[in-house]
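Two complexes are shown next, each including subunit A; its partner changes from subunit B in the first to subunit C in the second.
Let's look at the complex of A and B:
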């Protein structure tokens, strides 16, 4: 690592329509370091990246230096020629083109005399991949590659542009653990070859593993720059949110309460086998395990969207045979899907319409939707769950991830369920808003709702459930009581 | 070699189906497998292939165009009227006027799609009606039979009498078609513009982030199709030796089907000139074969439709994707409690 910073910014101010997005932020990246930019959604991370890449102009008084030289006016073209590259979250790759055409795209569109030099593109692609220590068939169409390898292609594409500073926006969001580990190795290789990497990620464990330093932003202002040594996840969370989330185990006994859901030897060929458990009134059950353990498949079966091949489901002692999820909803089962953005909510529709989507039967008057009943249901749940909205008629996509998730929960609460299944309820939700969602879950449980939380992240179920079941290879591997096991021991058991 | 086949599954499948069809037809009729019949098929297909490679460029860029065939009719009419007014004209002038008018009509579509943000299918259905409506209104449906000699006289660039007494002829439309195919292939696979068009059709947002000029992409794609439609219109007038206002009406769907048959994807980003040519030839061979077999012309459309369906199911690999899913689903249904 050199002693002079590769990039340094100071006094960066950006205002959008009267709102200060950045309030005099400074930022520094050393050559070859891996630097993490942390903060909640809306804290100004993306705005800062866009200032550095010349998309936004900062207000007067700002100073931007690259390689020691003052850059009076950054533009996207200048940023690229300086070797500043951004790998966007959606990668911006071309599926029908080959790996080589993707990596060498910049060469292809800037060819001499308007012509494409295929040999030069292939050579550049091979060179960039060799630098990352990866070998890929460069003539394969990109669409055939798994998502982790597409990431590699996007990184290699940045290298063709003689990258010296690479921004990676949530690069691991859609990767499995082993794919993310692989990517982290690639980032290390990159940094060892002298390229500085700025990493933006929600996965704090990963951030602490990979970064040299962390810059934390909150509400458009700089909180501070910290070396990673000695940092903990809870300390980073506290810096990002400005609040202290004391995590305490809430597990309690519910043995006296009546059994609401009883599952006996439930099985589906190729997905899960021999699943048995009881869920009591007011009890919260956490199910965790690695991706592909059969968690979501089990949830969809309990919700009637898939039919079991063996075993039985009893609700309040009655044997259920769900032909479809309509039957399950009628029996009082609600399921909040894993993919809220595409499956759980209808993004262009209004908040109100989304909220009553599952409970239309409850707001009828003479067979037609009653506007009064609808408005009552909507205002009741919006205030009960503390959803922050403008008006109920705004499209739901205008809400933040945390608030969208609250509406999605309200949608199911409006049917008056007995059992609520939450599948990965905090994906794409900020740390601060996560705590809000679990507060709601606890309140609902206290009111007598039985809840199943399914999550990738062991701490989420450890701190929010009465009982944690570890699922692996389609089976219930073990059941833990958070009061008698430490989080570290639970994580060790899951990742073993 | 293996990569060549895997990378071009659509083209290879089409070729296989065509060979299979040709073998069948050569047993069914005496005339099918003769050199002169092969040239007949080429002469008949030339106009549609010119249309198809033009449409290919728009499809690759992520758009669609319904209006190009009636635009070609407009081009025919305007070109003949202008050259008559100019005192006769010649081939060079004919190509310049037809190409120019064709490009202008294509740019109308590009303007609607880019500036007014109308999705291309709606924009071109509108211009389809407007172009055809204007044409019928101003011509009152009257055809032009009196073309200048240079346009109506057949131009045979090569002819040869076969030992069996049949004639092999290579006509102007075929040569023009070959040039159009070459030009389109060069544009799409050898120039930076071609790369940008593929990229834009594949992932518009990704292309935008690279600073690709979206307006220029629309203008080039629709302009190129306009140029091809203009040339095709001129060739069709030359081939038919007359200009009939509704002669090309409905041709757009035949060409679209043949182009998609050739592997162009309606969503954009995918397609090849070779596939396009094979797609059109496939349909022509089928029609030619049915003709020689003495099948009623009334049954043609039905059979051609069926052949297109079969060929598309085979080449889009959907066929083998359907199979395991169906197998997976079947036991699940069987074991329901």
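Let's look at the complex of A and C:
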């Protein structure tokens, strides 16, 4: 690592229509460093990246230096020629094109005489992948690749442009643990070859594992720059949110409460087998395990969207035969989808419409939707769950992840459910907002709702459930009581 | 002014702006250019021409809002008209009694609904694109109609049928009254009914709607069935206006209905739109062609200008949304 910073910014101010997005932030990256840019959604991370890449112009008084030279006016083209690359979360790749074409995209556009030089593209792709120490079939269409390998392709594409500084926006958000580990290795290789990498991630464990230094932003202002040595996850959370989250096990016995949901030897060919458990009134059951363990498939079966091939589901002692999720909803089962963007919420539609979508029958009068009843239901839940909104008619996609998730939960509470299944309820939700979501979950359980939390992250179920079930290869592998096992032991059991 | 605009957009929806501005512009330009434009004759001609295109546009509207389309509207209207005509002919023709006409209308509505339901079932259960399914339906209905009529007219109806196409009640043309009634029904359907809510939801994300427990297949089938019913109403009005039924009547309206819907602010990808702006957009289109007609311009020129109007409105909307983006805060 050199002594002169590769990139340094100071006094960066950006205002959007009266809202200060960045309030005089400074930021520094050393050559070959792995740096983490941390902060909650809306803290100004993306705005800062867009200033660095010339998409937004900072206000007067800002200074931007790259490689020791002052850059008076950054533009996207200039940023690219300086070797600053951004890999956005959605990757911006072409599914129908081959790996090589995706990597050598720039060459294809800039070919001689407007022609595409296939050989040059293949060569560039192989070279970039070799630099990452990866071998991929470069002629395969990108859509056939798992998401982790698509990440690699996006990184390789950045290298073709002779990258010196690569920003990665939430690169591990959709990866399993082992895929994320693989990506982290790639980032190390990259850093060793002299390319500086700035990681923007929600997953604090990885951030601490991979980064040299961490810059924390909060509400558009710089909180500080810290070396990663000696930093703990809870300390980073505290810096990001300005609050202290003490975690304590909440597990309790519910043996006296009546059984609400009873699952007996439930099976679906190729997805899961021999699943049996009881869920009591007011009890919270946590299900964790790696991606592909059959968790979502099980949840969808309990929700009536898939039909079991064997076994039975009983609700309050009555055997259920769900033809569709409408039957399950009528029986009091609610399912919060893991995919909030495309399945859980109808993103372009309004907050109000999303909130009443599952409970239309409750707001009818004389067979027609009553605007008054609808407005009442909406304002009741907005205030009960503390959702921060402008007006209920705004599209729900304008809300932050945490607020969207609150509306998604409200949508299900509005049907008056007996059982609420939360599938990965904190995906894309900030650390601070996560605690808020779990506060709601605890309150609901205390009011007598039976809850199933499905999560990739063992701490989430450990601290928020009465019982934790480890699911692997479509089976219930083991059941744990958080009061009698440590989190470390639980994680060791799951990742073994 | 700002408060007024807010009140306006909460009552009529923000999409009302475009059609209303176009309406005012067309009125202003023609009253200046043709001194006989602001006359009863102009509005009489608009009032009689509006319903055919209008009813077919209503039939097109619901499928568009679900993110689909119904290319079979004109031929479904023709075939429904044929069903009515045959019931009349088989029961006395020119001398058919009033009860027979009611029966004829029911036959038309049943035909339209059946064609729509068939389309809806095909779309809902095969998940094939509505363009493919309704294109097949359109070709099927046209072929069937031409085969049954041998390409000719069916005419010879009782005298009391004509007033439905030409008569007036309380000074307003009867077809216009029927059309306004249908606009009202569609408005309530879209803003207040479960079906209307559901069809808008599946228009912007069918899977999310399914995950929330909406019966998306049932909604799709109902939408195309209602579309077919509205075609039948259009078919009956056309039969009464022309005093005959012929397969191919109103064929040129097909794409104009799509144009009118987009002009009325319907989102081409589905999920968003209201009936009232579309109603105003239809009036604008008719005023434009009647105005040009008054000035002695060729009818084909009017059609060309409809296209120009659409492009202008699109450009204006893009500009308006850009200025909105620039003035809005972004995080």
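General observations
The rule is simple: the second predicted complex is superposed on the first by the 491 of 496 C-alpha atoms of A that agree within 3 Å, B and C clash if a C-alpha of one lies under 4 Å from a C-alpha of the other, contacts with A are read in each partner's own complex, and residues count from 1 in each chain.
The rule is simple: contacts are C-beta pairs under 8 Å (C-beta built on N, C-alpha and C of every residue); 3 or more make two chains touch, one makes a residue touch a chain.
Since this is a predicted model, take the numbers as computed values, not measurements.
By the document's definition of touching, neither partner reaches A:256: not subunit B, not subunit C. When the shared chain is aligned, subunit C comes close enough to touch A:360, but subunit B does not. By the touch criterion defined above, A:192 lies against neither subunit B nor subunit C after alignment on the C-alpha atoms of chain A. Judged by the touch definition given at the top, the superposed model places A:446 against neither subunit B nor subunit C. When both complexes are overlaid on chain A, the residue A:248 reaches neither subunit B nor subunit C. Applying the stated contact rule after C-alpha superposition, one finds that A:70 touches neither subunit B nor subunit C.
Annotation: subunit A has no residue touching subunit B in one complex and subunit C in the other. Contacts from subunit C toward subunit A in the complex involve residues 188, 191-194, 197-198, 200-201, 204-205, 207-215, 271-272, 327-331. Across the interface of their complex, subunit C is touched by residues 16-19, 21, 42, 47, 305, 324-326, 329, 335, 337, 342-349, 353, 357-358, 360, 364, 367-369, 371, 411 of subunit A.
Residues 76-77, 88, 90-97, 101, 105-106, 108-111, 114-116, 139, 141, 269, 306-309, 321 of subunit A are the ones that touch subunit B when the two sit in their complex. Those residues of subunit B whose C-beta lies close enough to touch subunit A in the complex are 3, 7, 189-196, 198-199, 202-203, 205-206, 209-212, 265, 269-270, 331-332, 335-337.
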